[in-house]
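Think of it as A, B, C, D and E in the order they're written, each chain with its own count starting at 1.
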Amino acid sequence: GTKTTSVDSTKNEEAKQTITIAAAASLEQSMTKEIIPLFEKEHPDVKIEGTYDSSGKLQTQIEEGAPIDLFISAGEKQMDALVEEQLIEKDSVYDWLENLMVLIVPVNGESKVTSFDTLLNAETIAVGDPESVPAGQYAKEILEGLGTWEKVLGKSSLGTNVTEVLNWVAKGSAEAGIVYATDAMQTNEVKVVETAPEGKGSKAIYPVGITTAGHKKDEAKEFEEFLKTDEVLSIIEKNGFTPIK
Amino acid sequence: MSLLVDIEKKVGSFCLKTKFNTKEQWLGILGASGSGKSMTLKCIAGIETPDKGRIVLNDRILFDSEKGINLPARLRKAGYLFQNYALFPHMTARENILVSVEKGRQKEVLEREAARFQIETLLDQRPAELSGGQQQRVALARIFASEPEVLMLDEPFSALDEYMKEKIFREMMDTLQSFQGEVLMVSHSRNELYEFGEKLLIIQNGLTILEGEKKALFEQPVYVEAAILTGCKNISRIRKVSDCIVEAIDWGITLDVGEHYQENIHTHIGIRAHDIERVITREKNIRNKMSGMVKKIYERPFEIDMLIENGKSEHILWCKVPKGSIKNANLEEDKPITICLPPEKLIYLRER
Amino acid sequence: MSLLVDIEKKVGSFCLKTKFNTKEQWLGILGASGSGKSMTLKCIAGIETPDKGRIVLNDRILFDSEKGINLPARLRKAGYLFQNYALFPHMTARENILVSVEKGRQKEVLEREAARFQIETLLDQRPAELSGGQQQRVALARIFASEPEVLMLDEPFSALDEYMKEKIFREMMDTLQSFQGEVLMVSHSRNELYEFGEKLLIIQNGLTILEGEKKALFEQPVYVEAAILTGCKNISRIRKVSDCIVEAIDWGITLDVGEHYQENIHTHIGIRAHDIERVITREKNIRNKMSGMVKKIYERPFEIDMLIENGKSEHILWCKVPKGSIKNANLEEDKPITICLPPEKLIYLRER
Amino acid sequence: MDISPLLISLKTAVIAIIITFFTGILLAHRVVVMKSEKMKTILDGIFTLPMVLPPTVVGFLLLCLFGVKSPVGKILFQSFGIKIVFSFAATVLAAVVISLPLMYRSARGAFEQIDENLIHAARTLGMTERTIFWKIVMPLSMPGIVSGGILAFARGLGEFGATAMIAGNIAGKTRTLPLAIYTKVSAGDMEGAWFYVLVISLVSFIAIALINYISRKWRKFYK
Amino acid sequence: MDISPLLISLKTAVIAIIITFFTGILLAHRVVVMKSEKMKTILDGIFTLPMVLPPTVVGFLLLCLFGVKSPVGKILFQSFGIKIVFSFAATVLAAVVISLPLMYRSARGAFEQIDENLIHAARTLGMTERTIFWKIVMPLSMPGIVSGGILAFARGLGEFGATAMIAGNIAGKTRTLPLAIYTKVSAGDMEGAWFYVLVISLVSFIAIALINYISRKWRKFYK
């Protein structure tokens, strides 16, 4: 009994199918600590490797032929582009989560910024680069909605990734910044003063899709389905995301 | 076995133009400091490239500007002893010596050369741990170990003590007897060169001014510059007074001259310090007698050097006498002395 | 003006132990290659640090291991002429010379030193563009320009041609007359040292074996090693035969000895090549006569060197005679010759 | 195309290399004359540290050190009104910190390769250590120093991670060429990216040619 | 704490420094013996290029070059089944490309500082250029080479931008220490970040001490 199992399990180890997922950096904690171990427990024949980075970089990597089976983007733009290029199977794409955009300021000291309306009181504002960072893109859309984008841009430092934006605010380099709600949760050096009002860019949609070039379609599909389970969604919710049902 | 050199090279304001040809004869190269001796050897070794000319060693063309041949130094088999040795600082003496010896023969070669240059006990030391003379011996051993076809020695003995010098010189001469190649030796020591070989090349300001048998050159150096190089200490301009009589302007005396003197050719006269004789008898018919004052005496272990001032002129004659001879009894500074300049010892010279 | 040196230093397996004291006297240091001459000078200059001892220059303590004093080289005012010159390769001769001269005096110093060493035309050349001898002259000029209190010359003339050597030597001697400091000169040329100063230090294997008046040392070098260094070419072990008679074992003859011979002390006997005389008369009562064969003749410009083989032994006597004397008429290799070793010229020696 | 990144980069790289050059040489010299081999190795390690950490992390550490909330940053701001972060000074700071190890290590290697006899000779001639350094040691180590200078300049010019962190990415103020290139590449604007890549390559080429030319003239004697 | 980044980083840095070391020295030697000064400057410029571009951009260029869609990548994949991107080989590739300029430039400086007379002497002794290189040039340039080696190793160890781009950030496979640090910082896990910073600093310290020690033994004679 037990002996055979152990032999089998080593055999399984060799026979295991490995799929590589590329996910937005903000998902790394939830993925590596909870979701993937959970999945692998239920699917002992599948091993999951994850690479985590900004969605823009991941998009480039997929475009350049990086061996990725499943892509979780922190923005629709990147996913759409890949679908357009037929690098992601159109039918497999669905919107998984959303991440709200929030306005943050450094914790200590009186802040002149108390809401999106008073944002222009800040001397320097940290936002992601709208050209390359999805969070920046959303921030731009929000501010365009409020009609202050042009003015804000003049005072902005454009982060090459969200971490940078967060750190700028946390260390007081910038007086205010716009980041994901999940990012704001990572440090107690910043406080959220306002969540983006409903409207364009108020939240980031996290779509999931399977690459056309991947060789492990079945396993990828299995994982994609797994992401929809309540178990996973509750983990995600706990970490600050909002599931899209 | 032969070496033919005929090259020209200009570096900065210095212009070298050397031409010679040796055939199983050792060649000594004599020249003042900065006259181009080292440069000549470097051209042969392939370290410097001449502007034009040819160098042929045993029928192998090492360099020919017309045919566009310029054999790399490595293939020339020209052993060159650098004036500053150029030992590899990171290697022990042993490693330096064996640097170009193939594996199988290392032991044999090492033993042979270490014994020849008496450096057996120094083999594990690095150049920085060797004295100047020891470094030179290691450098010599290294060259011998590379078994060259032509051996070029740039002042090979300058850093050796006199005992070593004499010893190594003799041993080298013996070893070289069996050395199947040309040997060139650069030196400013006329003694060394005199002993060294039959042929001599005298270089002055980059030009070969004389080439020939060493004895002939020492006896008749032809040019003022060559006379100085071969160690003639007393040289004076001359003016003809009458047949067989010239005035030595710089010494302030008139001299009977011998048969070799040619009015139209010779502009200077010289006499070696050894050849000036002290006159102690009162004999009348000694030719070219002169009285003067001993201005300065330098004592050497076996010789006495004197500077003698002619009463009539400020100019000074340099005179060497062996110690212990009766001829130099009672020599004292600032005392009068009578000397003679034997006509057969006078050297007739011209300027180039 | 005085210099006191009493130091010990061990490097590798070599052990230096030097002790001397000069007072307004120039000191010559004579020693074989690798005997520790350069090391001694380097300790004084502050380049090497002795393990223990003291060095005092004109009442300034340069080094004292007990008091923990070790003045930096920069403040010692000890001018050291490196054996390989150590010129700065990136500077012209001019820049090298002026390296330690303050702005205001540069012109004056440069002119003075350039003239002294005849390098006026070389001032804009860099060391790589200078010949060996030229480099040495620049290095000498550089030291003179730094106006040291003690001048240490490590083989200062080894790279100069003989003409330059004699010239610079004399000039330097003249200049040094006015030099208000100590002068040490290291050389393995006994001729140079003999002329150089009154005092002489003889170093052997790192130990000062003799210190004293040069004349006395040349006449009576006491030790076999010192005799070799002062140029004594013939040395033999001896065995007493009877009163006033010893056997020179290595020469295979018995000799009458003079009054200086002391049986219990002397183990060797020596005679300088210059002091061996050729006997041409048939006179009977010449002492220490010996017949032999001329084995080899080396001709030098003004001397003849002979190696003479004793019939009874393989051993060889080295003999020097001036050229042109009647005493060396008909000299030929492989012909018999009679010589004598005058008892008053014999040197009695012992081993250390 | 916006050329402000070029100007900012040029200004940054030039100021940074001047600071790095002298600081690096000074540090190298101090370390070389040091007696203790242990101390040397430790300092080597410390000075090389900015190279092994990801530049972003170095930037983060600088931010912790010079940020307005840090003690140093606070003092600078409250006493002198100087705010380093997000200023041009910060781009220079980042470039200096990141390129210093290159200059330091190259200079150290060069110094160690000098024939010690020349230094001894200089000392016996009465030259002070300072003069020896400037007149002997420096010129003799030129090839190595030049290498270090080229490396440090190139690294300063190309510095990106640390700069972004401490200086931000403010167009016309702290956006250097590497930041501009990165932005363009990320945005998929390959044409714009290539333009800036060309510009930065050109700048570095010209600088290298210049350094090579000057140093060659200087040490022509050497061959 | 996960130690796989340490292992990956160590493996990467060691393999990379071996490649970089020899390639850098070879390139430097080729350039130094070159006659044309112009050519030298141009090559200097090209070999220094990876330093002036932001590492991410270098990574991007590598991705374009070695990606499975690129000609090179295609050939490698179709003929040998080798897929470089997102593999361990990619981390090595990134480290080599980024650290090569350091080794190249340092070695070049060191070579240029050697007394040419020694090379001449070696030639007249009949040594081949190859032997001269290995037995004379290399040992004599040790201080400079060691500097280059330390710099290149440190840079390879700390490489981040290009690695992230071409190798990705796959835990246990391509996540090197710098990537791990970055990930930790991004996730706000400062404690974890500090841990890895400590580890990487330690590794670099040990490596530097080792290199210094070996090279000191080797060139003790030199002083």
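FYI, a contact is a pair of C-beta atoms (placed from the backbone, for glycine too) under 8 Å apart; a residue touches a chain by one contact, two chains touch by 3 or more.
Every value quoted in this text rests on a predicted model; they were computed, and no experiment measured them.
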Problem - Required steps from chain A to chain C (each step between touching chains, minimum) - result: 2
Fill in the blank from the handout: Overlap of the chain B and chain E neighbour lists contains none
Exercise for the section: Tell me which chains count as touching both chain B and chain C. Expected result: none
Problem - Pair of chains joined by the greatest number of C-beta pairs in contact - result: D-E
Completion exercise
In terms of mean CA position, the chain most removed from chain B is A
Handout entry: CA centroid of chain C to CA centroid of chain E, Å
Key = 56
Problem - Chain centre separation in whole Å, for chain E relative to chain D (CA means) - result: 19
Handout entry: Centroid spacing, where centroids are CA-atom means, of chain A and chain B in whole angstrom
Key = 88
Problem - chain C residues counted as touching two or more neighbouring chains - result: 84
Practice task
Would you mind listing the residues of chain D that make contact with two or more other chains?
Solution key: 56, 60, 140, 179, 182, 185, 222
Completion exercise
Flagged in chain A as touching 2+ other chains are 57, 60, 167
Exercise for the section: Please list, in label order, each pair of chains that touches. Expected result: A-D, A-E, B-C, B-E, C-D, D-E
Handout entry: For the chain D and chain C complex, residues of the former touching the latter
Key = 117-118, 120-129, 135-136, 139-140, 142, 219, 221-222
Completion exercise
Per the touch rule above, chain B residues touching chain C in the complex are 11-12, 31-38, 83-84, 122, 125, 129-134, 137, 154-155, 158-166, 188-191, 194-195, 218, 228-231, 233, 272, 274, 298-302, 320, 322-323
Exercise for the section: Mind listing the chain D positions that touch chain E in their complex? Expected result: 37, 40-41, 44-45, 48-49, 51-57, 60, 101-102, 105-106, 108-110, 112-113, 115-116, 140-141, 143-148, 150-151, 154-155, 157-158, 160-161, 178-179, 181-182, 185, 193, 197, 200-201, 203-205, 208-209, 212-213, 216, 222-223
Handout entry: Complex interface listing, chain E residues touching chain A
Key = 56, 60, 63-64, 67-70, 73, 83, 85-86, 164-165, 168-174, 182-183, 185-188
Fill in the blank from the handout: Given the complex, residues on chain A that touch chain D span 54, 56-57, 60, 81, 106, 108, 124, 126, 129, 131-133, 156-160, 164, 167-168, 171-174
